[in-house]
Every structure is written in C-alpha cells, then in structure tokens.
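Each structure below is given as structure tokens.
Two complexes follow with subunit A in common, the first pairing it with subunit B and the second with subunit C.
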Partner chain A sequence: MVNLTIDGKAIQAEEGSTILQAAQAHGMRIPFLCYHPAIKAIGSCRICVVEVKPGPPRPQPACTTKVAEGMEVVTNSEKLQDIRRELVKFMLINHPLDCPWCDKGGECELQNLTHELGIAEVDYEAVRKPINNDFDSKLIERYNTRCVTCGRCVRVCKERVGASAINFENRAYFTDLGSGQVPLNCEFCGTCIEVCPVGALINKLFKYGARAWEMTATPAICQFCGGGCDYEVHVKDGQVKRVRRDEGNPLLCVRGRFGFGVISSDQRLKAPLIKKGGQLVEVSWDEALDFAAQGLMQVMAKGGPSAIYGIGSPRATNESNYVFQKFFRVVLGTNQIDNPGRYNYWRAVEGMAQVFGWPEIDGLNPEVLKYAKPFHSTLTLSEEAKGKGFPFVMGQTAKLKEADAVLVIGADVTPEMPPYGWALMEALQKEDFRLIVANPRKTKYDRYAHKKLRYRPGTERALVLGLMAAMVAANPDLAPQLPAEGWAACKEILQGVSLDDIAKQTGVAVADLQAAAATLLQAQAPAIIFGNDLLAQANGKENVVAVANLFLLIGQPANAGSGLYPIAEKNNTHGVCDVGVVPNLLPGYQPLAAGEKFGKIWNKVPSTIPGLTLDEALTRLENNAVNAPQAFYILGGDMIRQLPNSQRIRSILQKARFIVYQGAFMTEVAKLADVILPVGVHAEVNGTYTNTDGRLGQTRAAVSANGVRPGWQIITALSQKLDQPLEYASAEDIFKEMVSLMPIYVGLQPGYRWPCPDLKADIKGTFVPFSVEPEALGEGDFTLIVGKTMGHSGSFTTFAAGPMIVNGTQTLQINAEDAGKLGVAAGDTVTVSSAQGRIAVPVAVNDDLPAGVVFLADHFAEPLANSLTSNSNLCRVNIQKG
Partner chain B sequence: MILPLLKGLGTTFKAIFSKPVTILYPEQKRPVYDRFRGRPELQLYDNGKVKCVACTLCKTVCPSQAIRVIEPAEGSYGEKYPVEFIIDLTRCIFCGFCQEACPKAAISLNKEYELAQYDKKLLIYNIDMLKPKG
Partner chain C sequence: MDLQRLEGILSRYACQPADLIPVLQDIQDSYNYLPKDELKVVAERLHLPLAQVFSVATFFTMFSLVPKGKHVCKVCVGTTCHLKGGQRLAESLSNRLGVDIGYTTKDMNFTLETVACLGSCAQAPVMMIDDTYYARVTVDKVPKILKKYQ
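What follows is the complex of A and B.
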C-alpha cells in the first residue's frame, strides 16, 4: 500500500495502481475521455491531467501516472480546468451538433464533459474535416465527423476482441476512424460501439429506438452460448431495445449484442396449438393442457409410464428443467428423460467422470437453512466437508487468463464460446504465455498461436496419445502431478507408441508434436479447451477420456487457471445436466439408489430402474422394439436440425404416437408435434442458469410474456391436469427445494460458481485406456465437418434479425484449390451427397479449410447440414457442380 | 329618496354613450398578446416537413407528462423524424417548457385557447392535429 494525498485528502492506494484508479477507488472524480477500464491506458486525450508533487513542473495524465509514496495530487485547480476546457474546445471545433438525434445524446461523455466544464461556445475555427461516414456496414454505422479519436474502439478491438478490424486513417488533425474497409468485414461483436464515448459508432438495431434515459435496465443472462454472460436488457414500452454489459467489461459477441431479437421476433409462438384433423389450430391454454394430458394418459394406459419420453432443454432455466425431471419421476413415475447434451456436452461430463470420478460431496451440515435469500443455496459447509470428482479439475473462465499454456483442441473458440476467446486475449498480453491450437481447420486463434497442429479430422485421440508419448519420450521420469492410478501401465503403453505412426495418422509432424508436448510439460498452469468439433463425434466420449488422461498427466489444478475447459453449447447445457435431466442420475449427479432422500421431499421415492438414453430411445422406436417410447414431451430445441442424420430423426419422430412440444418457435420438431405449448424466453422469466464453468446466473423478467408462460408453470399446470399437482409459488420456491437436494450446489448464489471454493477437494484420477482408431466416416472425396459459425447459437438465433443480417444463409466452405478442381466459384450452387442424403448449397471459398475438408453450419433449416451426417459431426461426402 | 336613484341612472347613461369594455364572444374574439401561451403546435419547414427530430427533450422536460408518445423513425437519408407525436391536452398546463427545451424550434405554443370539448378523448392530439392548419 502507498500513502498519498489527493486534493488534500490522505488516502491509501495499491502499489502499481494509477492516480485515476486510486481516486476512483475513493469516490473522487477525475474527468477523462480516452481512458476505459477494460483497456490499457494510453494517456492521449490529456483530459485527466492532474498536478503532481513531487513531479515534473507540468500537469501529468492521471490514467498513466502511477501512485508513489508521499505524492500530493491536485485534481481540480483553475489551471487544470482551463487546460481541460481548451482541449474539449479543440474537439468541439469539428464536432457536429447532432446531439438531438444522435443516439448517444444523454449518455455521451463529450456532452457531459462540455457541461461539466461549462463550455458555452467554441471560439476557434478551422477547416472542416471531410465527411466520410459509413452507413453501408452491417449492424454498425460509423460517423467520422463525431469521432474524437480517443482510440478506445481501436484498442478494444485489438487487445480484448482480437479482431483488429478497425484502425485510424490519416494523421494529426485529419485522423479518422476507419479500417480501410467499407463496408466493414469483421466479427460484428459491437464492442467498439459500447466503448465509444461519443456517437461515432452507432448500433443499427438500436438506432433511433429510444433515448438513453427512457429505458429501464434489468439484469439478465445471455442465452447464446455456454458462457452465459450476464448483461442488462434495456426496455422501453415493453420492448427490448438493446443489451449492454457493465462499464468495466463491455465485451459481448455478435449474437449476444444483436441477438435479443429472438424475444420480440414475429415468428414467436404466441398461443397454444393442438393438432386437429392434421392441422395445428390455436386454442386456449386450458384446452391445450387438457389435450396434452389426455394424449399422455392414452399412451400411458397402453404402454405404462415408460412409454413417455422426456427431452429437457439446455436453454430452459434450472427451475424448469428440475420441475420437468420431477414431473417424470414423480407424476409419471419413470426415469425416461434425457437432454440433447447427450450428443455433445454430456460426453464431456461422462469422459471426465471416467477419469476423475463423479462429483461427491460429503460432510455438509445436516440442517437445511430455513431462510435464505432468493436463489441462494440452503446448504452449508461444515469443517470436515470434502469433495471429489471431475468438477474440481474444471477450470473457470475468470481464471483462464492466469494459465501459462493453453491447448485448444477440437474447438473453434470464438463461434463456440466467445468468453474463452476474450480470456485467451487477456492471457496473450503476458509474455510467457503459450498457446497451442489443434484443429483441422484454421480458426481465429491460429493467428495468435505459438504452435499450430493441423490434424486430420477424426484423429484427435491419436494426436493426444502422440502428445503424451512425446512427453514420456522427452522425460522418462515423468509422473503425474495429481495422485493417479494406472500410471505405470499407461507409461508402458506410451513408451511403445511410435511418434512416426502418430504423425502418419494425424498428419502432424513429429517435431511439432514434440514442441507442443515440451511447451505443455514446462507449463506450471496448463489448461485444455475442447469443444464441439471433438465432442460431437460418435466417439466424443473417448475423445474426452483421451483429453482428460492428458490433463491427469500434466494438470496442476492447484495453480490458478489450470483446468479442463469443455465448451457447453448453450447457456444452460451444464445446468440441465446438473439438475438431473438424465436417465441414470438424480439431481446433483446422485445415483438412482439415493432416491430415499428425494422421497422425503417429493413424497414419492423415484424408480431405481434407469431410463433409456436419448440415443437408445430413438433407436428402439426406429426398430419398433417392444419397450420403445411411444410419446415424447420435448422442451424446445430442434433435434432435426441439431442431431446427426436429420431424415432418420424426422422419421423416428413421425412414428411417435403423441408429441408435446414446449418451445418458443415453430421449429422442424414443433411441426411434427400434436400439442405446442409456447414458452417464455430469458428476458421474460425469472430463474437461474448454470454456465459452462458452473457459475450460477440469475435472469429476471424484464418484459411481459404476452400470453406465453414460463416453462415450469406449464409443467405444473400439466401435472394438475394429471391429478398429481406439483405446486410451487415461484421460481425461487423451486430453487429452494432443488438446492436442498443438491449437495454439489452448496454455498452457491448468483454470480458464484460451484464447486464452492471453500470446499477442500480430494482430486485424484485414473488413467483410462482409449483406442486411437480413427472415426469411421463413410465413403466420399471430401471430409465434411458440421459445426458452429459466428453469429448463431443452435437454431434459436436464426429467428432473430441481428445475427441473420451478418450470417443469414447456409454456405459450403471450401478451399480455393478444391473449388478450382470442381470448377466452381463463390456463390455457385453445388450438390453435396453422402450415404444419408443430398443437399444443394451455395459455395463460399474459404482458405481456412485444408484441401479435402469442407464445412457446413448446423444452424440453418434450409438446407439442412445434418441431413448428410450419420452419427457424428464428420462424414465423407461427394460434391458435384450444379 | 329620489336623489340616489337619479345618481344611479346617471351612471347608466354615462356608460351607454361610452365604448363597451366587454366583447361579444364568441362572435368576436379577443386578440391575444404576442407572448400568449396557447396549445402546443408542431412547426413545419417551408417544404411541409416537420422540424421535429424526435429528440424527446420536450417529453422529458414536460412537468405534467402531457406529451405521451414520440415515435421516432428513420428517413431515407438517415434523418430522424417523428411518425407519431401525441399530446394529451387535458394534462397540458401551457407552461411552455417544451418550446424552451426544443433544440430545433419545432414545437411552440400557439395562440389557440378555445380548447373546451364535451369529450376528453377529443383533447388527445396526434401528430396530424398538432401540425398547423392550412
């Protein structure tokens, strides 16, 4: 701590902090313009000048001058005010008087400064800067005339977003905001709009929508990836006008910032529908619920409760999903439930659990708190409480920047999970940080990677084995840092691995493998990020086992930042697994045998017979097996778009006798349903989500649901129709019951993450053997990867205007060389065919893909990428022109 | 007794031959002063377009919340203009703050004061009613 005085007031500040930070921490205001808490200070605007003693005999910028012992700072003398006034006047010479219609009016930092400094008129004149505004870019408008050249946008884009898409043009007085690109070609994350102190960058979706002071801000959680960023929705007259994050962290991605249109989309389902004579017709809630209850009863009368199969939603709140599994386990009396994470994130959970064990927490205080704040856990830790299992090796996004080496494998970080990308950008500011990117295609972080491993699609496990073998070869005395079983046997296998064979199989050179292995081996806090490219393969679980084995060998979870970072696809993918929407585990990953405890609260002990997994359930219905499920109760989502082999999924669902679909949009699955119950989305409901690193986020109803209902209310209403009412007063009420049954959520509250950091962890793992057989992909000239693209999240964002403006159509991404061989140019239509089906799709030439590999996104309904795949995100395809 | 009566009649006769101070309202209207504050009115440019840029400062400053709705829209040149502008004259207190706040001199109080209606609904003025007549 350093002692200094600011304006005569003695304060203490942290060593290394700046005068501005110290003043702000003590509630003193120093005006500034080019400084922003999210980016490095450059001290260029000089508005924040202060007089410093002892120091040079001229004012110093407060944002870059570090505090020192015994320093005396004057922030507000007449001389300083004069300097600030003159500087602002210089900016105002060219600043147009657009305030009445500039969206920034009312929250403009230049406007505030002008008022604060009492500038009534500008007594300078200069040549007018030429007008060079950009109205043509998507989502963002640029006004060079309003720009004060503070450089915040340029710096945030370079330092935090990593896109480096905007820059300055010209020099000195004629400096202009530009990029050399009109229209702009970037990620369209809009962070530049957020940090701009004036109205030089304007959000096109918000333009003229509302004045700053007319809106009320309500905290909510973004729905569009596993990161679950907390943001605020700004509402005027019951309409969401924009979303923003807090001042200190302005980062959001394109779908987060511009995807809020899903709430007010005119494609939203607004009233319940039932199928009458083959047609879906609008009916009242009561009639729809009666119809749904009757339909389910009829199926149950014939096939028993296990004839009904429930599919939870990774976008619904924890509360809705908890009530959903309770509805199946208590009202219907079956464990026939699962969630779509089965094809993706659940593989990460199971794979990590195989190596590090399922989570278990012992030694909690037996009393459950009677009174707790809303959405706070009612369980408390005792002295001897101990936890174990995979959650203790999972990393958290906030700490990722502290890792010293990160391996990104099978993930395209920015489209799948932007928060990991921002954390990587922060980590990259450190000199000793090392980034290794392993992916069959070139991804955004390749440009920052210290080592790139371009392996053949489907050879992830071989690559991981190669890395482990290279580590053992480099250091024969290598032993895991964590207590591990089976190391001796594993080491023996690794010593027998030929790196040349691995190189042949994966296409990665031996030297590259060795270099990457050496980097990881030296790291004190290594982290591994893995995502959809690896999880969505048929052997996704084995891939995770391989990655978890690698982490067991090198991981040091005691060091901040070191951990496994799986990418959850949606904001509550982790939560839906936590709260027990799986056929073989009760809420909190507790075995079915622990049902007694649940029986006390539920008044019914759940069945101990595990249900079928989603995969098995679909296969049984396909094969008309005797005990195949006959009816489905589906919470949202679009399985036809998202699961591999769309035709198969469609034909299986067509076989079902009854489908209840509880969702927000008319998706492909909804079209097959017998009853559609419209549900509220994130800014319309109260509740919680658990993001990919286990952090609890609370969302609040900011706008009226206009006739649709929160998910849990629909489920409880349906339970009433079945004469076994589940009764809850509110989402808080459900949360209270839920957490009292879930030891893993001990100490949890909004903004905090489970497992509780105060919990002593007993981390140990077992090396689990895995095969390195490459995925069976079928026959064809090209390898197709079906994955995620920037701007979209599942099928959800295809219903929002913003993301569709940036990325509105399906294209086949293909290497220029391959396109040349096929004789096609960008925009030409090609027919892509596999054993499963064929689609016609326009081509986009993209050299990020290696020769022989093509890419399609799984978000779009037309043409449907997954109609080509069989059981994985990879398959071999043939491509023909026309 | 007769004397007071004659005195009174004298006053009456005096008034008969002097100019009346009352006017025959509503046939005749009393002219108002230049700074009279009647109902708010939107001002137009010579080409007939409203001067208003929907900045909502008048709505914000209005002490009686008489300005209910200003619905902005974007024109073909990126300009901002109101497509709807609703003032509830039953709430208006004719203070003139809107006129004072307006950066574009787009709203001002005119000289109209005959605003009584049998139905309150008729006093809720939309953008067309707020534009000057003729």
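What follows is the complex of A and C.
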C-alpha cells in the first residue's frame, strides 16, 4: 500500500495503481475521457490532468501516472479546470450538437463534461472536418461528426475483441474513424458502441428506441452460448430495447447484444396449440394440458411408462430441467430421458469421466440448511471435505488468461464460445504466452496463433497421439505430473508411434508436431480448448478421451489457468447434464442406485433400470423394436436441424404416436407435434443456468410473459392433470429442493462455480487407450464439415432480427480454387449431395477452407445442412453446379 | 484490378505484417496511387485487418488514395517561403493549372501540393516538380517552368 494525499485527503492506494484508480477507489471524481476501465490507458486526451508533487512542473494525466509514496495530488485547481475546459472546447468545435436526437443524450460523457465544466460558449472556429459517416453498415451506424477521437473503440476492438475492424484514418486535426473505407463489416459484437463516450457509434436496433432515463434495467443471463454472460436487459413499455453489460467488462458478442429480438419475435409461439384433424389449432391452456395428459396416458396404457421418452433442454433453466426429470422419474416412473447434448457436450462429459472419473464429493455436513438465500446451496462442507472426478480438471474462463500455453483443437472459438476468445486476447497480452490452433479450417485465432496445425477433418485423435508421441520422443523420461495409472503401457504405445505415419494421416508436418509438442511440454499452465468440430463427430467421445489423455500427461491443474476447456453449446448445456436429464444418472451425476436418498424427498424411489440414450431410443423406434418409445415429451430445440441426418430424425419422429412439444418457436420438430405448449425465454422467467464453467447464473423476469409460461410451471400443471401433482411455489423453491440432493453444487450461489473451491481436490487419472481409425465418411469428392457460424446459436437466433441481418442465409463455404474448378462464383447455386440426401445452396467463396473441404452451418432451416450428414458432423459429398 | 502487377510487388516480400509500408511504397511508385481493391488484397495477404491498412495508407503524405498526376508539383509554404511569397506562388500555380491545392489536373499531368519546408530556406520561395528543385521562383517564372512538363 502507498500513502498519498488527493486534494488534501490522505488515502492509501494499491501499489502500481494509477492516480485515477486511487481517486475512484475513494469515491473522488477526476474527469476523464480516453480512459476506460476495460482497456489499457494511453493518456491521450489530457482531460484527466492533475498536479502532482513531487513531480514535473506540468500537469500529469491521472489515468497513466502511478501513485507514489508521499505524493500530493491536486485534481481540481482553477488552472486544471481551465485546461479541461479548453480541451473540451476543442472537441466541441466540430461537434454537431445533435443531442436532441442522438441516442446517447442523457448518458453522454461529452454532454456531462461540458455541463460539469460549465462551458456555455465555444470561442474557437476552424475548418469543418469532412463528413465521413457510415449509415450502411448492418447493425452499427457511425457518426464521425460526433466522434471525439478518444480511441476507446479502436482499442477495445483490437485489445479485447481481437477483431481490429476499426481504426483511425488521416492524421492530426483531420484524424477520423474508419473501417477500411467500406461500410463496417465486422463481428458486430457492438462492444465499441458500449465504450464510446459519445453517440458516434449507434446501435441500429436501438436507434430512437428510448431515452436513456426511460428504461428499467433487470439483470439476466444471455441464452445464446455456454458462456452465460450476465447482462442487463433495458425495458421500456414492456419491450426489451437493448442489453448491456457492466462498464468494467462491456464485452458481449453479436448474439448477446443483438439477439434479444427472440423475446419479442413475431414468430414466437404465443398460445397453446393442439392437433385437430391434422391441423394445429389454438386452444386454452387447460384444454391443451388435458389433451397432452390424455395422449400420454393412452400411450402409457399400452406400453407402460417407458413408452414415453423425454428430451430435456439445454436452454431451459436448471429448475425446469430438474422438474422435467422428476416428472419422468416420479410421475411417470421411468428413466427414459436424455438431452440433445448426447450428440455433443455429453461426449465431453463421458470422455473426461473415463480418464478422470465421475465427480464424487465426500465429507459434507449431514444437515441440510433450512434457510438459505434464494438460489444458494443448502449444503455445507465439513473441514475434511474432499472431491474427485473430472470437474476438478476443468478450467474456468476467468482463469484462462493465466494459462501460459493454450491448445485450441476442433473448435472455432468465436462463434462457439466468445468468452474463451476474450480470455485468449487477454492471455496474448503476455509476452511469453503461446497459442496453438489446430483446426482443418482457418479460424479467427489463426491470426494470433504462434503455431497452426491444419489437420485433415476427422484425424483429431491421430493428431493428439502424434503430439503425445513427439513429447515422449523429445523426453524419454517424461512422466505425468498428476497421479496417473497406466502410464507405462501408454508410454510403450507412444514409443511405437511413427511421427511420419501421423504426418501422413493428419497432413501436419512432423516438425510442426514436434514444435507444438515442445511448447505444450514447456508450459507450466497448459490449457486445452475443444469444441463442436471435435465433439459432433460420431467418435466425439473417443476424441475427448484422446484430449483428456493428453491433458493427463501435461496438465497441471494446480496452476491457475491449466485445465480442460470443453465448449458447452448453449447457456444451460452444462446444467441440463448436472441436474440429471440423462437416462443413467440422477441429479448431480449420482448413480441410479443412490435412489433411496431421492426417495426421501420425492416420496418415491426412482427406478434403478436405466433408460435408453437418445440415440438408442430413436434407433429402436426406427427399427420398430418391441420396447421402442412411442411418445415424446420434448423441451424445445430443433433436433431435425441440429442432429445428423435430418430426414432420418424426421421420419422417426413421424412414427411416434404422440409428441408434446414445449418450446418457444415453430421449429421443424414442433411442426410434427400433437400438442404445443409455449414456453417463456430468459428475460421472461426466473431461475438459474449453469454455464460452461459450472458457474451459476441467475436470470430474472424482466418483461411480462404475455400468456406463455415458465417451463417448470407447464410441467407441474401437466403432473396435476396426471393426478400426481408436483408442487412448487417458485423457481427458488425448486432450486432449494434440487441442491439439497446435489452434493456437487455444495456452496453454489449465483456468480459462483462448482466444484466449490474450498474442496480439497483429489485428482487422479487413468490413461485410456484410444484408436486413431479415421471416421468413415462415405464417398464423395469433398469433405463437408457441418458446424457453427458467427451470430447464431442453434436454431434459436434464426428467429431474431439482429443475427439474421448479419448472417441470414445458408451458404456453402468453399475455397476459391475449388469454386473455380466447379466453375462457380459467389452467389451461384450448387447441388450438394451425399448418400443421405441432396440440397441446393448458394456458394460463398472463402479461402479459410482448405482445398477439398467445404462448410455448412447447422442453424438454418432452409436448406438443412444435416440432411446430408449420416451420424457425424463430417461426411463426404459431391458438388455440382446448378 | 491488375493482379499480375500486384503479385509482382508482393512476390518481393515475405508477406509479413511488418512489410506493409514497403509494400505500399512499391504500389504507390508503380501505380502512382494506392487503389482500394489492391489494398484489400494487401490486407489479406499480409494477414492484416483492412482498417489498419487504411489507417497507415491515409496517415503518411507519401501515399495517396487517389491517382496522382504524371508530375507532382510541391510548393513550399514553410515559414521562410511563406514570408517570401510561397502562398502567392501556390495560388498562381493553382490558377494557371486550374486545380485546387491537393488536386490533380483533368489531363492527369499535374498534381499540385503544398509542403511545410523543403529544406532550402536560403533560396526561398522554393518549389519542386518531381525530383527537381526550383529556387527563388517568382510568379512570372511559373509559365516557363510549367512548359517543360507540358
């Protein structure tokens, strides 16, 4: 701590902090402009000048001058105010004073400074700067006339977002903001809008929507990826006008910032529908619930409870999903439930569990707290509480920046999980940080990677094996830092691996493998990020086993940042798994055999017979197997778009005798339903989500649900119709019951993550052999990758204006050379065909793809990318012009 | 776009981000300006954001985003030249050529610019056409000088 005085007041400040920070920490205001807490201070505007003794005879910028022992700081002398006044006047020379119609009015820092400094007149004149506004860009308008060239936007885009999409042009007095003399075409994260002190950058979706003081802010959690950013929704007249994050961390992605339109989308399902004479017709809630209950009962009468199959939702709250699994286990009496993560994130869970074990927590205090704050765990730790299993090797986003080497494999970080990308940008500010990006395609972080490994699609396991073998070859005495079983046998296998063969299989040169291996081996805090490209393959679980083996060899989870970072696809992908929407585990990854404990609270012991996994259930129905499920109760989503082989999924669901769809939109699956129960989305409901880190986020109803209902209320209403009512007063109530049964959530509360950091971790792993057989992809000239693109999250965001403005249509991404060979140019239509189906789709020429590899996104209904795939996100296809 | 000419320039470099300024200089020399389409290719090939390429391209006076004339005429309006009538000289050139300062004649023969100091204050007022200095230029000498380039 450093002692100093500011305006005569003696204070203590953190060593290394700036005068501005010290003053702010003590509630003293120093005016500033180019400074913003989210970016590095550059001291360019000089609004924050202060007099410093001892120090140079000129005023010093408070935002870049560090505190020192015995320093005396004056912040508001007449001389300083004069300087500030003159500086602001210079800004006002060119400022258009658009305040009456500028969206920033009322929250504009220039307005406030002018007011604070009492400037009533600008006694300067100068030539007007040429007008260079940008009104053509898709979501952001730029009024250069209002810009005060503070550079916050340029720096936030470069430092934090990593896009560098805007920059200054020209110089001196004529310095002007630009985006390459074309309309801004960037990630459209909108972070620049957030940090701009004035109204130079305007959110087109918000424009003229409200004055700053007319809106009420309610905290909520974004629903569009596993990051679960906490933000505020700003509401006027019952409508969400914009969302915002806090000053210190203004980062959101395009979905979060511009995707809130899902809430008020005119495509929302607003009233319950039932199928009458082949048509879906609007009915009352009561009629719909009766119809649903009868339909389910009829199926049960013939096939028993296991004839009904439940599919939980990675977007619904923990509370809704918990009640959903309880509905199946208690009301119906079956474990026939699963969630769509089966085809993606669950593979990460199972793969990591194979190597590091399932979570187990020992040493909880036996008593359950009677009273706890809302959404706080009611379980407590005893002194000697211990935990083990894969969650203890999982990293957390907040620590990722402390890793010293990161391997990104099989993930396109920004479209899949922007928060990991922001963390990488922070890590990249460190000199000695090393980034390795392994992906068949060029992705955003290639620009920053110290090593790029461009492997052939489907050869991830061979690549990982190659990295491990190169490590052993470089250091024959290598041994894992963590306690591990099976190392001797594994090492023997690795010693037998020929790097040349790996290079042949993967297409990655031996020298690159060795260099990447050396980097990872030297790291003290290595981290591995992996995502959809690797998880959505048929062998996704094996891929994760390989990655987990690699981490067992190099990982040092005791060092901050070191960990496995799987990408959970949606806001509650992690949560839906945690709370037991799986056929073989009870909430908290507890075995079905532990059902007694649940029976005490549920008044019924759940069955110990595991249910079918989602893929087994679908296959049984496809094959008309005797014990195939006959009815589905589906919580949202669009399996037809998102699971491989759309036609197959569609025709299986068509076979079902009865489908209850509880969702927000008329998706392809909803169209097949017999009953549709419209559900509330994030800003309409109370409850919690668990993000990719295991962090609990609390969302609050900010706008009226207008006739739709929170998910859990629909499920409990249905249980009443089935004469076995599940009764809860609120989401808090459900949470309280749920956490009392979930030791893994001990100590959890909003903003905290599980496992509780106070648990002593007992980390152990086992090397699990894995094969490097490439996936069978079928026949065809090209390899198709089906994956995620910027701006979208599942099918959800295709119902929101913002993301659709930026990225509204399906295109086949193909590189220029391949396009040339096919004789097609951007915008031309091609027919893509595989053994499963064919689609016509326009071409987008994109040299991020290597020769022979093409890409389609799985978000769009038309045309359906997954009508080409068979059981994986990869398949071989043929492409024809026309 | 004359891709071959651009490729010729790019082939002389390893195409690292640090090559930006030399590449832009070569393009300026070869094309007499920096065509926007070419800059897009440069951004891609040097792995640089487009906004950064334009930031550099517009920062330095040696670069121009609009085609320059066959001859560039720079009139000094630095302190000494200013006192000795540099401004008047510039205006006279502007009248005679029929273009504003900073612009290029319709026939693309001359670009007229002013500069701050050409480093020959002793001979003020000074002007330069391409690489040739003209010292103590009085307004009446202008037609004769221009004739050499017409």
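The rule is simple: the second predicted complex is superposed on the first by the 881 of 882 C-alpha atoms of A that agree within 3 Å, B and C clash if a C-alpha of one lies under 4 Å from a C-alpha of the other, contacts with A are read in each partner's own complex, and residues count from 1 in each chain.
As a working rule, a contact is a pair of C-beta atoms (placed from the backbone, for glycine too) under 8 Å apart; a residue touches a chain by one contact, two chains touch by 3 or more.
Everything quoted here is computed from the prediction, not taken from an experiment.
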Would you check which partner chain A:Phe168 touches, where first means subunit B only, second means subunit C only, and both and neither mean what they say? second
Looking at A:Glu485, would you say it contacts subunit B, subunit C, both, or neither? Reply first, second, both or neither. neither
Just subunit B (first), just subunit C (second), both, or neither: which does A:Asp7 touch? neither
Superposition-derived comparison: subunit B or subunit C, residues of subunit A touched: C
I'd like to know which partner A:Gly105 touches here: subunit B for first, subunit C for second, both or neither. first
Tell me the contact category for A:Asp848 with respect to subunit B and subunit C: first, second, both or neither. neither
Is A:Trp213 in contact with subunit B, with subunit C, with both, or with neither (first, second, both, neither)? first
So, does A:Phe135 touch the first partner subunit B, the second partner subunit C, both, or neither? first
Does any part of subunit A touch subunit B in one structure and subunit C in the other, and if so which residues? none
Subunit A touches which residues of subunit C in the complex? 36, 39-40, 43, 47, 49-55, 58-59, 65
Enumerate the contact residues on subunit A facing subunit B in the complex. 99-101, 105, 135, 207-209, 211, 213-214
Complex contact set, residues of subunit B against subunit A: 53-57, 60, 72-74, 78-80, 103-104
Subunit A to subunit C touching residues, read off their complex: 163-171, 178-182, 447
